[in-house]
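Across the two complexes that follow, subunit A remains constant while its partner is subunit B and subsequently subunit C.
Coming up: the complex of A and B.
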C-alpha cells in the first residue's frame, strides 16, 4: 500500500496535498498519516472509505477547518498551508452533511452569505442569487424569500450547493451531501448534480462512505484505508476492473460486476425505437400499428408522449377493457439514470425492457435487457485490456491476486464476473449481484 | 377623623395617584436599566461560558454561583452597607441609593441570564457553526451571525422568566428606602392607614405590569420565530 498517490492524468493538479498528517491531542496514532494526493482541475474526486478512515478529517484539512500537524497544502500552485484560514475558506465552497443552511435567514440571505462577506454591492448580490437559484433549478420568485424549514430535503440540498457556489470559487468540497436524503430523491439529485457539473466544471472533492455513490459520481476515486492511507487512487472503471489489493476488493464488495453498470448512463447507449400510439387511439389503429412493426407490443402514450401502457395482440382481443387499462403498466427510466438502475427496474418489474423518458417525461426510446447485456460484454473486454496492463494502470493486479492466496484463481478466471464463480455467464453474474443489491 | 374603616378604592386612587405614579416611574426606570444590563451581561458572559473562553469563563462561573446561591436581599444589603466600609486595601466606595438599586437587580438578573444564554448557545446545532466556519466566517463573525441569533432565540423563553423576576425584585429595594412603587405605597399606607386599598392597588399594578411585560416579550418572540416546516 503506497501512501503517495499522484494523478496520471494530463490535467494539472488544482489541489495538491503533500505528506499531510494530523494527530489530535491526546492520541497516540496519527488520524491522518502522511497523505499525498493530487486533485486535477475540473474533476470530481471522491474520497471513500469505511468509517474511521479519516475521509472527513482529510476534507476539513483541505480548507483548514482542521489544521494539519505536518505536511503542505497547495491550491492553484500556491502554498496555502499557513495563509489566513478564513480567507482560504472563501475560495472553497463547502457543502456539509445535512447542509447546515442557517435557519434564521431566508434562502436569499443564506446564498448571499459569502458575497456579503466579500463586500459585493446589493445589486450584484441580488443578481447572483437569482442566477444561482436558476442554476440549481429553483424558481427565485417562489423560493428566494422562504426559510430553510419551508423547503424539502432535496430543495435544501440544492440551496446548499447554490450557497457553496455563490462567490464562484474554483473548488467545491462536499461532505456526504446526499446522505440524509431518501433514496429516490438522492438518485435524482445525484443526476442533477452531474448535469450541473458539466456546466460549472468545478474541481470537486466529495466524501462518501457509499461505494456505489463514489462510482456513479467520481471521475476519480481515492479509496482510503485507516489513517487515510490511499489504498487505490484511480478512475472508477479501473478500480472496479483491477482492485489494487484485498482491502479495495473487500470494500468494493461482491457486486463489483453489477457496480460497473453504474458507470454507463442510459443516455449513452443506443435506445431502441418502438411503435407508439396515443392511449386515446382506436383499437383497430393500434392493432394496425402492431402489425406494421416487428415488435410484439405497442407502447401507449398520453398527449405529452408520457408512456402509459404496454399492449400486445392478446390484450387487444379483450374488447371489453378500455385501452387505458389494457396490458401492462409502463414503468419509466430517466435518461440520466445508469444501466444499473435500468437493470434493477427490469428485474423488479419482471419485464425485459423499460421505456426511457427525457427531462419532461416524454418517451425517447426503449432499453432492453439485451442492451444491458451487451454493455456488460463490452465492459468485460475493457477490463481484460486493463488486466493485461494495456489500460495504462501502473499497478500489478496479479500481485493483488496473490495477496488473496487461494482466491487468485477466481479473479484470473473471470475478470469481470468476479462476483460469481461461473464467470462464463456474464449476465448470470450480474443478476446474482442484483440479488444482493 | 376615622380613617381606613370604609373600603373606598376610588378616593384612595384619586388622592394618591400622583405620588404612586412617581414610584411606578422609578420601578420602570430601574427595571429597564436592569433588564437591558442583564441582557448584555447574559449574552456576553453566556457566550464566554458556552465557548469556554479562558479566564472569563471561570470568572463568569464564579459570579453566577455567587449570585445564585445567596439571597438577593443580602446582595442589596452588601452593596449598600458593606461596600462603603474600608476593609484592608479596599478604600470603601459609597454608591448612591439609585445606583445600588439598579445595580443590585441587574447583577442578579445578569447571573441568571448568563445561564439562560449559555444553555441557548450550547443548544445551537454544531452543523450551523460548522457551516459558517466553512464559508469563511471568523470565530467572532460566526458568533454574531449564527450562534447569537439562533441561540438567542432558544434562550428567549427562559430569559423572559428572568426579566419578570428582575421586575418583581425591584420591590425589595424597599429595604434601602429607594422610593420605587412598593416603598411609595408603604409610605402612603403609613400616612393614610388605608392598608387594604394600598395593597389592592399595589398588587393590581404589579399584575398589570408583569403581564404586559411578558405579553410584550411573547409578541417579540412570535415575531422572531422561524417558520416551521409545513
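Coming up: the complex of A and C.
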C-alpha cells in the first residue's frame, strides 16, 4: 500500500523521516501516525492531501517547529531529532503561504536575516542579497531598499523564496507557498520556481492541497490520507497512471488521464507520416500523391515546408478553386506542446488530427486522436507493470523517464493547462511568464 | 487679569523651576514604569492566564485613589521625592503594561512563524521583531500614562513631593489671601500646558520612532 515510501537506494535520501508520530496535547488520536518518508536529494517532493491530513504538521516537524512525539528525523545522514532546533532551522529554508516578511525591515534586511545570524560580513551579505534578488527576477536597484508593503503579492512571495535561500541551505520547506496568489500570477510563479530549481537543485518539500499543482511541481508526490498515512508515494506519472487505491483515485479526481497528458510531449510520441505536396504543385500530381497513399488526404506545404491546407479527393474535384484555397486550413502544433494541448487542439478544430511542426514551423509529422489514445494506453500499461513489479525492476516507467529527461523545459511545457482542463486560457498565463512589474 | 500677568512675570523663575521639577518627576516615573511594564509584559504575554493576573494586579493598584496611595507611601518611604516617584510609577504601569501586552500579541503570527522558521531564538525574535512591531502601541500607552501622570503628580505635594502641586496646595489653603488665586491658577495652567506639551512631544516621537515599513 505505502509502496515507495522509502527509497530504493538509487538516489540519496537527504531527509529521512522514520516512524514519525505526533500527538497534540489533549487529543486522543495521533495527528501524524507513524510516518516514514525518504526525500531524495535535489528533488521536489510534494505532500498533498485533504485538509487536516497533517501536511503542515509534517512539514513543521521536519524543521522541528513542532517536536515529534516519537520517531526520528535525519538530515544528510545525521540524526537531527534532538539537536538545537534554532541551529537546525538555519539549515533549512522555510516559506509559508502568508510569507511573513518582516514589515519593519527593508527587503534587503529581510533577505539578510539568516546570513546575519550566521555572522557573515556585511560585504558578503550585500553581494548575496543582490544575487538572490536577481535570481528571483527582481531588480536589486529598485527593490532592495523597499519595504514589504510596497510590493505586490507575487513580489513578496519571491522575496520570501529569496529569504529562504539566503544562506544557501540544502533544504527548502514550502507550505502552500503559492496558494494565496491569483491564478495567473500563481502559474507564473510556479514556472519561475521550476526554472529556478533547475539552477539551484535544492531538496524541496512542498505542501499543497492542489493535486494539479502537485503534478506540475513534483518530482515525487506523497499523497497523504488522514494522520499523514501515505496512500501513495511516487512520481506524478505513476500516480496518474496507476493510482494505488481508491483514495488516491478519488483524490486525483476524474480526468486522471487528461492530467497525465500534461506529462508527455508531442515530441515524445510517435508521429504519423503523411503525404505532403508543395502548395504550388499541379493539381494532377497532388491527385497522384493522394492515390499512392493510404491516407484520405494530402497536406499542402509552402516552400519552407510549413503546413498550409488539408485537401482530399473531393476538394481536388473543384477545378475552379486554386489549390492554396482548397480544402481545410491546417492548424499546427509545436513539438514542445503536450499531448493535452494536442488533444485540446483537435477537439477545438473538430479535426481528428493535427500537423506538428518544429521550431522553424516546418512540418514534422501528424498526431491524431488514435495516437493520443494509444499513448494513454501505453502509459497506463507501463506504469502498472512497473508498479506491480516494483521489487527489483527499474523503478520508473519508461515514460516517466522521458518526462524527467528534459528537466525544466519538459515540465515548462506542461504549464499549459497544468491546472484547468480549460486548456486554452492557460496559454496567456504561461506566455506571460516574464517578470511582473 | 493684568494682576495675574504681573504675578506670572514676577514669579517666573520660581514657576519655571516648579514646572521643570514636575516634568522631571513625571519623566522618571514614566521611564521606570516603562521598563517595569515591558519586562512584565514580556514575561506574561504568551500566557493568557498569567497575563490576566498581572493585568488585574496592576489594575487594582490603578484604582486606589491617588490621595490614598500617596498617604500609603509615607510609612514606607517617608516624605519627599521618593514616595511621590514610586506612587506615580505605580499609576503609570497599567496603560503601558496593557498596551505592551496588546502590542506584542498583535504581531502577525505569520511573521513570528517565519522568524522562528529561520532559526531566530526567543530573545532575538523579541528584540528584533516583536518589540519593534509592538512599539507604536507601546508608545501610545506611554503617552496616555504620561498625560495622566502629569495631573496626578500635582497631588504629590501632599507628601511634600516636588513640582507644581506645592503652589496649588498652598494657594488653595490660603484662598481669599491676595495672591492665593493666582498661585492656584498659575499652577493649573502650567500643569495643563505641560500635559499638552508632552502630548505633542509623544506624537512627534511616535512618528519619528515608528519603523518606516509599518506606518
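A few remarks follow.
The definition used in the following text is that the second predicted complex is superposed on the first by the 256 of 437 C-alpha atoms of A that agree within 3 Å, B and C clash if a C-alpha of one lies under 4 Å from a C-alpha of the other, contacts with A are read in each partner's own complex, and residues count from 1 in each chain.
Note that in this section contacts are C-beta pairs under 8 Å (C-beta built on N, C-alpha and C of every residue); 3 or more make two chains touch, one makes a residue touch a chain.
As the structure is a computational prediction, the values presented were derived from the model and not from experiment.
When both complexes are overlaid on subunit A, subunit B and subunit C end up clashing with each other. Shared-chain residue A:96: touches subunit B and subunit C both. Contact with neither subunit B nor subunit C is seen for A:180 once the two complexes are overlaid on the shared chain. Contacts of A:321 after superposition: neither subunit B nor subunit C is touched. Within the superposed three-chain model, A:104 lies in touch with subunit B and with subunit C [touch as defined at top]. Look at A:291: by the touch rule set out above, it reaches neither subunit B nor subunit C. By the touch criterion defined above, A:113 lies against subunit B and subunit C together after alignment on the C-alpha atoms of chain A. Within subunit A, the residues touched by subunit B in the first complex and by subunit C in the second are 63, 65, 86-90, 94, 96, 98-104, 113-114, 117, 147, 149, 163, 173. On subunit C, the positions that touch subunit A within their shared complex are 108, 110-121, 124, 129, 132-133, 211-214.
Considering their complex, residues 127-128, 130-138, 141, 145-146, 149-150, 153, 226-230 of subunit B touch subunit A. Residues 63, 65, 85-90, 94, 96, 98-106, 113-114, 117, 147-149, 160, 163-164, 173 of subunit A touch subunit C in their complex. Across the complex, subunit B is touched by residues 63, 65, 86-90, 94, 96-104, 113-114, 117, 146-147, 149-150, 163, 173 of subunit A.
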